[in-house]
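Can you read through this structure? Questions will come right after.
For reference, chains read A, B, C, D, E and F in written order, and residue numbers begin at 1 within each chain.
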Amino acid sequence: MLCFLLGVIAGVVRSDLEIPEAVARALALYLIFAIGFKGGVEVARNGELGPLLPLLLVAAGLSLVLPLPAYALLRVLTRVSRTDAGAIAAHYGSVSIVTYVAATNFLQSHGIAYEGFMTAVVAVMETPAILTGLLLARAGERSGIDARKRRELIHEILANGSVVLLLGSFLIGSVTGSEGLERLAPVVVSGFPGLLCFFLLDMGLLVARRFAGFRTMGLGLVVFGLLMPLVGASVGLLAGTLLGLSRGGVALLATLAGSASYIAVPAAMRLALPRANPSLSLSLALGITFPFNLVIGIPLYGAAAGWLAG
Amino acid sequence: METHRRKRLEIVVEKRRAPAILEYLDQEPAITGWTMLPCIGGRGHTGTRLPEGATDVLDTVLILVVTSEEVARRTMAAVLELLEEFVGVVLMSDVEVARPSHF
Amino acid sequence: METHRRKRLEIVVEKRRAPAILEYLDQEPAITGWTMLPCIGGRGHTGTRLPEGATDVLDTVLILVVTSEEVARRTMAAVLELLEEFVGVVLMSDVEVARPSHF
Amino acid sequence: MLCFLLGVIAGVVRSDLEIPEAVARALALYLIFAIGFKGGVEVARNGELGPLLPLLLVAAGLSLVLPLPAYALLRVLTRVSRTDAGAIAAHYGSVSIVTYVAATNFLQSHGIAYEGFMTAVVAVMETPAILTGLLLARAGERSGIDARKRRELIHEILANGSVVLLLGSFLIGSVTGSEGLERLAPVVVSGFPGLLCFFLLDMGLLVARRFAGFRTMGLGLVVFGLLMPLVGASVGLLAGTLLGLSRGGVALLATLAGSASYIAVPAAMRLALPRANPSLSLSLALGITFPFNLVIGIPLYGAAAGWLAG
Amino acid sequence: METHRRKRLEIVVEKRRAPAILEYLDQEPAITGWTMLPCIGGRGHTGTRLPEGATDVLDTVLILVVTSEEVARRTMAAVLELLEEFVGVVLMSDVEVARPSHF
Amino acid sequence: MLCFLLGVIAGVVRSDLEIPEAVARALALYLIFAIGFKGGVEVARNGELGPLLPLLLVAAGLSLVLPLPAYALLRVLTRVSRTDAGAIAAHYGSVSIVTYVAATNFLQSHGIAYEGFMTAVVAVMETPAILTGLLLARAGERSGIDARKRRELIHEILANGSVVLLLGSFLIGSVTGSEGLERLAPVVVSGFPGLLCFFLLDMGLLVARRFAGFRTMGLGLVVFGLLMPLVGASVGLLAGTLLGLSRGGVALLATLAGSASYIAVPAAMRLALPRANPSLSLSLALGITFPFNLVIGIPLYGAAAGWLAG
């Protein structure tokens, strides 16, 4: 957290501090692997997969449905094109893995337990939103999507790197269980807070750089970027409580619903909606919603989950 | 050194779009090769792109193709069609090569 | 494919000096875009530069700008002035483009 | 291992998962350093260098001789040119460090001991094969090799990065001993399984990408890539047993003899045999023999060594 | 801005072969400099090369040299000889520079 | 240390060993973060900031003053231009963080204690020298420095990446204290020796490559590069003793005064004195003074501090 702040400050004073791109991307893969693997081990240990199937269905449903209020809000609050509104809506239906990681970190440091299989939920929520966002955007376009493009898009959705890595490491974790954890613990457990800190430092730099673009963005978009996570999280809180998740689980589901993707969805949008402006959605997801969730959202959702549980 | 005239195409395109372009180049028998260079930023209609650690969706590459004028013009048209609404520019210029059979 | 003549500027400059050049390009309304490529070494008056892990002060980049001849000549002069005593070279050459409104 | 599989799967579904090149190369250096250093420490601790000298001589001999059957097999099974056959043969006389690392990992997780100085064997086997391969290839060429090129080549062989790093870290390990190990252990010991996992993930991606090239490669080459490791390993098993190595040592020598280089040798071949097709040998060494050894070879050689040991 | 005509050589060569080329360029007194750019892939006679973490033997670079026509032709011949059977292409094209003494 | 030597040897034999640039730069950031963070934690723990303020003033003064003897020596010993002499002098007034890290490592392994707040001293000494160097160089130039450039330069000095990261991590360390240390320890403490070793390996490679430039450099410059650290360190020893620092603290201040920057100052010089030859100062700071301090300087300053203390 303080690392994130340091990054933001360094970015704001326009320091030449810069984490090499290759290393930042490797750190992101590391975080995904670690979170997936530990989730898998947790599942192997407890084995209580009871509420998993309904949870996964609900999670996929959330991802499919959340772009709708996002699109509506965008059309009301801003003047972006339908294409851009659809693309942005897809980002908000999907999830941010780093926000999720920060939330698990928050829960752990406050001693709040959560279901190990939540990681599977992350994977399930990443891509359905792309479909809804696409339909919304296409509603405003003449041309249909041809067969070749559809194939490319489905491939992109299913074979997206972060989804494959997350699910893959989850499976590895659930196969190797405690034994595997013991071997990998020095890297995926002990190393985690330190490496997360470096990653958040880089995220802070990025966020600060994106700040610069806000002056040209218009107030409406900024309001959307702050409002939509609250909308999403409320739905997530409700769904989690109805599903009977633990307090930690409810907080995580709210965090996921309230977060916006900036890895998997942008990639798919470049294929499916090349006319949508990628800088716009990245600025929103990375520059506004991500820091909002990190600083205000996560503690808020945690408290709300406690209140609902209690 | 005696040289022969060819055309040089330069295609700036999103990294994630590059495979589609390369696939086209590879299936065109008259094109004997290409070279791909990384970009670390750019500006065009779709705004400014600077490298960032969080995602590679904004990354672009430059693909260089040396070929005959006729093939170059044909390829330029085909690539522009492949790009359609996608981000990218295609440049053509003169170039001389020493080993004509190579291009 | 019908093409239109433009000029291509290539500016090799220290990476830490690049923002000043890009700032100039961005405030010039006639320039519609640029592309930046990384270099991994170079030699000129100021000696040889090869990449090193210790510091990035010796790093250079190549900035590519496609624009009309008139703007290109003006930009060349302006960039050379911005470079003054700084390291760097500016090259100009002919290029053909298909979508004239784009440049 | 499962990481490797995950990489292969991601590659096969053509996921956009991608470990940045710079990080993958740094991981390879890390593995070489760690394996060299730990080997050196082991030697410093036990000090029993008894069978080392004959072992090193035999190992260098293996590296020199193994290209001969490889060349012969290639000429019988495939229609590659003499130049290519010589180049490929050199790869198979030399060794794959990552395969070696995977083998030591296998032995450790099965509680089988091996001689610490085996790491020195790796270094010794890396380059002699280059000479034999070159002679075989040159036999089919008119032009001799001029003095300048010879100098370049000898330099390449002696100053090859992986050889220098392996020997250097081995020396550092044997000089600093247990004390040095204690200081570096968190990185070179505890971090090892986790980082190896990431590296194997990347190797899996590479192997899967190489698979694509096989359709154009011809069955003969594929058969060679599966047969030659068995030939090499058999010779290694024999040599190791005759030298009186421990069971683990025999298995490792077999693994080394059965593995094919894809770092040191390709580099030398670009200088010495520029006409040889580097994609061909890399596809064989990396795309066929490496995964074969990882999945089938290592357990097989381990079992054979156990059986020979009695 | 007044400009002067020079030639631009572009040499695509394996990264491990680049030092030999640079050595040649450095010992040629008429050549005042060069710039080296990384490539991330290519295709030619010797097949397709894409970056991979396992080894850098397939990596290529592009070396850019601006010099007079006479020197450019001489250098092109010399570099092609240095490349001999090695992988690589050499391109030559027109370029204009502002500071003639610099090249 | 042995890692550094290995790097030098690999460089001298012109091995193709090469640590990817992106990774080397990330390692440098890691070292800065770790050293800053641990310094901050140390301060939070002891809280004895008594001598800190005078120390920081003296340190800034050292950085401001040391370019003067450096400039004088350069004008006497060599024939470099005033611009170059001013630029080089600025490097020697400033400090080398890696040399500092190596010195703390040396002290720790010899069980010599030092003040935790020394890290703040590093940050304070990094940039004042730039001003003096600039004045010295400008004395020999007609043209003044215009307002825009002055602004750029002040920004460069204050927002320099390594200064921001060092101070930022120091603050994070002093805010989170022991609790933060516990979370980050696996990365910033346990991982430190191993990662430092890799970094020094890379430094060795760089130093060896710089060696090659010496033949053309002239004896005068080489003598300067060996003499100036002794001059600086003597002043540092004196100042540290007068300030009543511990033996370790005196040794560190001497090391800092005797070291030459090759990160922060070169960056500022490219803006402020573009006509100065960056290769010259880098060759001196990185190729001569850095290895001299590493091998001879640090033990010497440590011994001298012990002698003065005792």
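Operating definition for what follows: a contact is a pair of C-beta atoms (placed from the backbone, for glycine too) under 8 Å apart; a residue touches a chain by one contact, two chains touch by 3 or more.
Keep in mind that what you see is a predicted model, and the values were worked out from it rather than measured.
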Touching subunit A and also subunit E, the following chains: B, D
Furthest chain, CA centroid comparison against subunit C: D
Separation of mean Cα positions, subunit F and subunit D [Å, integer]: 41
Centre-to-centre distance between subunit C and subunit B (centres being mean Cα positions), rounded to whole Å: 19
Between subunit B and subunit A, distance of the C-alpha-averaged centres to the nearest whole Å: 34
Residue numbers of subunit A (touch at least two other chains): 16, 19-23, 25, 186, 190-191, 267
Multi-chain contact sites of subunit C, meaning residues that touch two or more partners: 16, 37-38, 48, 93-94
All pairs of touching chains, each written as two labels joined by a dash: A-B, A-D, A-F, B-C, B-E, C-E, C-F, D-E, D-F
Interface residues, subunit F side, partner subunit D - complex: 2-3, 6, 9-10, 13-23, 186, 190-191, 193-195, 197-198, 201
Residue numbers on subunit E that touch subunit B, as the complex places them: 12, 37-45, 48, 60, 62, 73-74, 76-77, 80, 89-94
Parts of subunit A lying in touch with subunit D, wherever the complex brings them together: 20-23, 25-26, 29-30, 33, 155-156, 158-162, 164-165, 168-169, 171-172, 175-176, 183-184, 186-188, 190-191, 267
Of all residues in subunit F, those that touch subunit C in their complex: 19, 21, 23-25, 27-28, 202-203, 206, 209, 262-263, 266-267, 269-271, 274-275, 277-279, 282, 286
Subunit B residues within the subunit A interface of the complex: 14, 16-17, 46-58, 84-87
